[in-house]
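What follows is a group of structures, each given as structure tokens.
After this come two complexes, each holding chain A, first together with chain B and then together with chain C.
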Partner chain A sequence: MRYYRYIGTRVLWAFVVAFIIVTITFVLLSMSPDPSIQQAATQAALEGGDPQEATDRQEKLRGLDEPLHVRYIDYMTGIATLEWGWSEYRNQPVTKALWGSLYYTAQYSIPWTILTLLFGPLIGVYSAARMYSWKDHVVTGIAFLGFSIPNFFFAIVLLLVFGVWLDWVPVAYRTDVPVVSLENAIQLALPVFVLVTGSIGGILRVARNESAEFQNADFMKTAKAKGVSPLRAYAYHVMRPTLVPLSTTVVGQLLAMFLGASLLVEVVFGIPGLGRTTFDALVAQDTNLVLGSVLLFTVIGVIGNLIEDIVFTIVDPRISYDDR
Partner chain B sequence: MPPEKPERFDQVDWTEYANPTGWQRSTNTRYFLYSTVPVLALGLYDWLVVGPREATFVRLGADLGLSGPFQMIGLTHDPAGIDYLFVGTLLLFVWYLLVPLYQNPRMTRYYWTRFKRNRPALGGLGWLFLVFAGGLIGPFVLNTPSQDILTAHQPPAFTSVDEATVPLCVGEVENGRCYGTWEHPLGTDNTGRDVFSSIIHGMTISMQIAFITTSVVAVIGVSVGTVAAVSGGWVDEGLMRVVDIVLSFPTLPFYLLILYSFGASLSMFILVFALFAWGGTARYVRSKALSVSEAEYINESRLSGASTSYIIRRHVIPNTASSIITQLTLLIPVFLLAEAQIAFLGLGDSDVPSWGQLIAAGRTDLAFAPWIVLAPGIALFLTILAFTFVGDALLDALDPEAKTEADR
Partner chain C sequence: MTDDPNAPLLEVEDLSTSFRTDSGRLVAVDGIDFTVEAGETVCLVGESGSGKTVASESITRLPNSPPARIDGSVRFRGVDLFECSDTDLRQYRGNRIAHIFQNSQLNHCYSVGWQIVEAIRIHEDVSKTAARARGIDLLERVGIPNASSRFDDYPHEFSGGQKQRIMIAMALAGNPDLLIADEPTTALDLTVQAQLVRLLAEIQSEFGMGILLVTHDLGVVAEIADRVVVMYAGKIMERGDVFDIFERPAHPYTQALLDCLPERANASGGIPGSLPDPTARPEGCRFADRCPHTLEACRTGGQPPELEVESGHHASCIYYGQGYDVSVVCDGQGESDDCDGQDESDNRDSTDVSKDRERVSEANKR
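Showing the complex of A and B:
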């Protein structure tokens, strides 16, 4: 019963956090000059009209002449009811534009997440089993290299080598190929590789250091003495306790990568996903779309943190629910 | 102040204990405050007296009647607000990290022997020292790289490119290939700026980001973490909920929103990233401080009438310092990377010659002039790697309880 109450409180708290962040966004936007109003004023001045009149008209159009609290309530209800406005740059509703770009982001995010989750713990435990051998040093080296090399720089270099010099992968991303096809797999190979090397390093390190602790635990000695095969011993007795501390860091790390690096990778490879849409909206000064994508990233961040907390309670039943 | 030959095993400055409830009176704090006075004075002078289009040091030279000597040593700079902040955080670093290390030679030697065991970290420290020295001295020695379209795309020394790709070859031309010269050891970019001196100037930016952001994060994170741990109760609860919110903030997208509405500048970048990055530090410091504040000597201290602020300053912070330093070292790469990413997107401060800016500039010419991207990219990569190595070694060296990589 306590368990469900804890989950309930966490979910409720996630809503509160989202509410506060959205409010801060509103304060920020209402404090700052809206580029579209300046644009209207400049336009009017250039065409020989009255800039002040154009400003007023644009403000009225965007509902900025209302008092602050009315605008705030409008803004919050708009967000809650998923009416995020019209994107002038994409010429479609903001939600539709974001939904469309999510389709492309998912195409590389899903293989990336699966590969990281699959290989990170496996290689980490393998590395711990062969600790201080040359294989372990190679793995540790790759881990350090992976999280130290700036993703966007790595992406550029790989694109130069495999796209321009060797001509193995297309330089420009093509949206007209079917999702499940060889062409799509080839053009997504580099972005997925860059993101996996970036995110796997941290997970490798945690998996290696945590599982090192269980190598010489009493239950491992017992298992070995009983004659359990090494594969079974590692799969059942080392991997499982390692997954507990690992699960708490994985979500956070993937999330941090998703919010930062994937944006850059999309821009470098020209994938029309979420990050690219945000960037284009910024350049095109499309306020609604910029706001929409920031909101979407916020939602993803809050949900990610919530999942992290819940996963932690599921994999580690020893946690007490009272201290929160 | 220099440590004399110790007569005892360890030295205790008893004057510090004479008045335990008074305001901070440690020697280092006093020296720190003294040394900030000239910086603050120069800052005020810059703000109040010097005109917006005047270089501060030129004006200062004229006012002091020292124009000649100033000209001779090349002191014609015009520091911006961020430079004053940078000098301030450098003083903080000197008085609270380097000087205490010098004052406690026994502990310094102990840490150093432990740190030395990690060889990659030694290399990392060497590289960081180079970057630090280059960033500090470089701008005074090397002029800001100037644009010259005729000398664009010059190859680095010891390499050559097809003559057709350079407008005018500075070095020798043999068999239709243009060879690099020592005038441009790392070549030039698409506008003819020297890549090597651009990288040196980029070091200054990287160091400014590293020092200022980390100081801000340290001040906020350490205060919130220790206060939450020592106070407990609803203060703890409230502060940790604030930390939750800070941690949930999508910093990069949010920075893009701020940039969209207010425009880009390096100080804005530092401000935003520092204000949203202290969450992790605060949570970490709190967990460390909680275990410290359970200790007997904290109770003793409380019983002898020490105030909470004195306990935090005197006992909790020094005893958690090692973990704080490690955590902060591992946080710096995040900031450097974020700045490079934003500069690469072309959304950074265009007046600031950072590494990310150079990578972005060279991207279109990548196929025939890869050095423009590779040189700053590798510099950034090495710096991040060095911070990671050093952070890892510090974890082993400073925290005797942590499992060590070197102790096999």
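Showing the complex of A and C:
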């Protein structure tokens, strides 16, 4: 029962955090000049009109002449009701533009996350079990390579080798192929591979080092004395405690990749996903779309941390959820 | 794989365990023999670092190899466990031969019930509900209050003594013929120690298993041992019936060990010196450097063979061989000159063991 109350509080906190972030965004936004007003003023001046009058008109049009608290309430209701405004650059509602990009981002993000979460801990624990053997060294080497090589550079090299020289994959991303099709799988193989190698390294190292500690723990001797097979001992007795410290790093690692590296990878591969949309919106000074992207990333970040908090208490029963 | 019910329960022969380390090969156990019969309690006694724990764990080949190297033979009911494959050996571990360790070593991520059920279901094809019911019975048997409601609690929610009880319950899951208990009470306070020793004795009479108890606590030895094997630096120094060992300790090491007991009249407060380097064992008797009676001959050759002190009582000390004056080692005890004398020993200092037993039972009452 206490446990459900803990989850309830955590969910509530997630809303509070999201609320605070949205408010900060609003404050920053209200303090910065609106490009459309400057544009209107410049336009008026060029056409021989009164820049001040044009500014006022534009402000009125956008509701900026209202007092701050009215604008704040408007802004918050807009966010809550998913009316995130009109994207000038995309010429469509912001939500629709974001939804369209999320569709492409999800196509590589979901396989990438699953593969990382599946193989990171597995290879890490395997590597610890064979510590200092040549297999361990190979795994460690690949992990460091993937971790240290810049994703966009790796992506370009792979594209050059497999796309241009070998001609196994298309160089340009095609949006007209069906989601579940061999063509789509082939064109997503490289971006997924690049992202997995980039994110798996850190997770693999943490899994390896943590499980190296647990494979020599006292309870492993107990397990062995009980007659537990080595495979079962690793799958249950080592993997579970390893997941505790791992769960704290995984979410941060994946989110960092999601926000940063995926943009570069999207640009290199020409995928019209979230990162690409955000980037274009920034360049085009499309305030509404930028704001929408920030909100979306906020939501994803908050949900990720919420999952981390919950997973943490499930895998380690010693973590108390009283008074929190 | 089929074992012979008439063969001795456990026969350990020439057991050696060494570890590969950076500073050379560390020989923890150096060719020891002993037996455990069904229903009997054998205590493996010695100071820390004498190799008794490694010896007890080597029986079921628990030390990881490498770095460990385990040689010799261990026959359980006539089956040589060292000839078994890993898969076959797992049929014995936790099923026929159970271990309890110092500091209950439970996995902190799983409930105690889960871990007991795991122990049951590895060896027996029973349903989860049946295993759970058996597990609760076992917890009740070892004295965990409200066993059924505490079954799903995690190890950190139990006290140290309770955790050790849970370890005993888990050891009983396979209804073992042999229980190897390695310092099961060392980390606990005196009252809990006494309760656990009593629990072990009760369980033994109930299940009729053989117990190999590894300990450095002579009070515990006095309480439940039938026979005692004294180890020092990987070798066996002395072995015999518990009364013989406590009343007429033959080897200078055993004498020194008993003199460490604070209840003894001539309590020494410790043995001067320290264990020889386990990577480079000295010539001759392992105890020679710390022994008050060392002769020139003690420092040559290997460890002396185990010589008969009296029937069923042997000591690895040259004084018990031909041409040496036995009274030298026995005088150290301030006792009769003739150590082999059976006639007078019975009514002599026989209060020692009973004193120790009294001490433990007093602790029980407290």
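In this text, the second predicted complex is superposed on the first by the 300 of 324 C-alpha atoms of A that agree within 3 Å, B and C clash if a C-alpha of one lies under 4 Å from a C-alpha of the other, contacts with A are read in each partner's own complex, and residues count from 1 in each chain.
Operating definition for what follows: contacts are C-beta pairs under 8 Å (C-beta built on N, C-alpha and C of every residue); 3 or more make two chains touch, one makes a residue touch a chain.
The model shown is predicted, which means the values in this text are computed figures rather than measured ones.
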| item | value |
| --- | --- |
| Most chain A residues touched (candidates chain B, chain C) | B |
| Partner chain(s) touched by A:Lys226 [first = chain B, second = chain C, both, neither] | second |
| First (chain B), second (chain C), both or neither touched by A:Leu102 | neither |
| Which of chain B and chain C A:Arg240 touches, first, second, both or neither | second |
| Partner chain(s) touched by A:Tyr132 [first = chain B, second = chain C, both, neither] | first |
| Chain B versus chain C as contact partner of A:Leu115, first or second or both or neither | neither |
| Contacts of A:Asp218 with chain B and chain C, given as first, second, both or neither | second |
| Partner chain(s) touched by A:Ile186 [first = chain B, second = chain C, both, neither] | neither |
| Residue numbers on chain B that touch chain A, as the complex places them | 120, 241, 244-245, 247-254, 256-262, 333, 337-338, 340-341, 344-345, 347, 359, 363, 366-367, 370, 373-374, 377, 380-381, 384-385, 388-389, 403, 408 |
| Touching residues on chain A, where the partner in the complex is chain B | 13, 17-18, 20-21, 25, 28-29, 31-35, 132, 144-145, 147-150, 152-153, 156-157, 160, 164, 209, 212, 259-261, 263-264, 267, 278-279, 282, 285, 287, 290-291, 293-294, 297-298, 300-302, 305 |
| Contact set on chain C toward chain A in their complex | 57, 60, 62, 87, 90-95, 98-99, 101, 103, 105-111, 118-119, 122-123, 154, 156, 167, 170, 173-174 |
| Touching residues (chain side chain A, partner chain C) in the complex | 217-219, 221-229, 236-237, 240-241, 244, 315-318 |
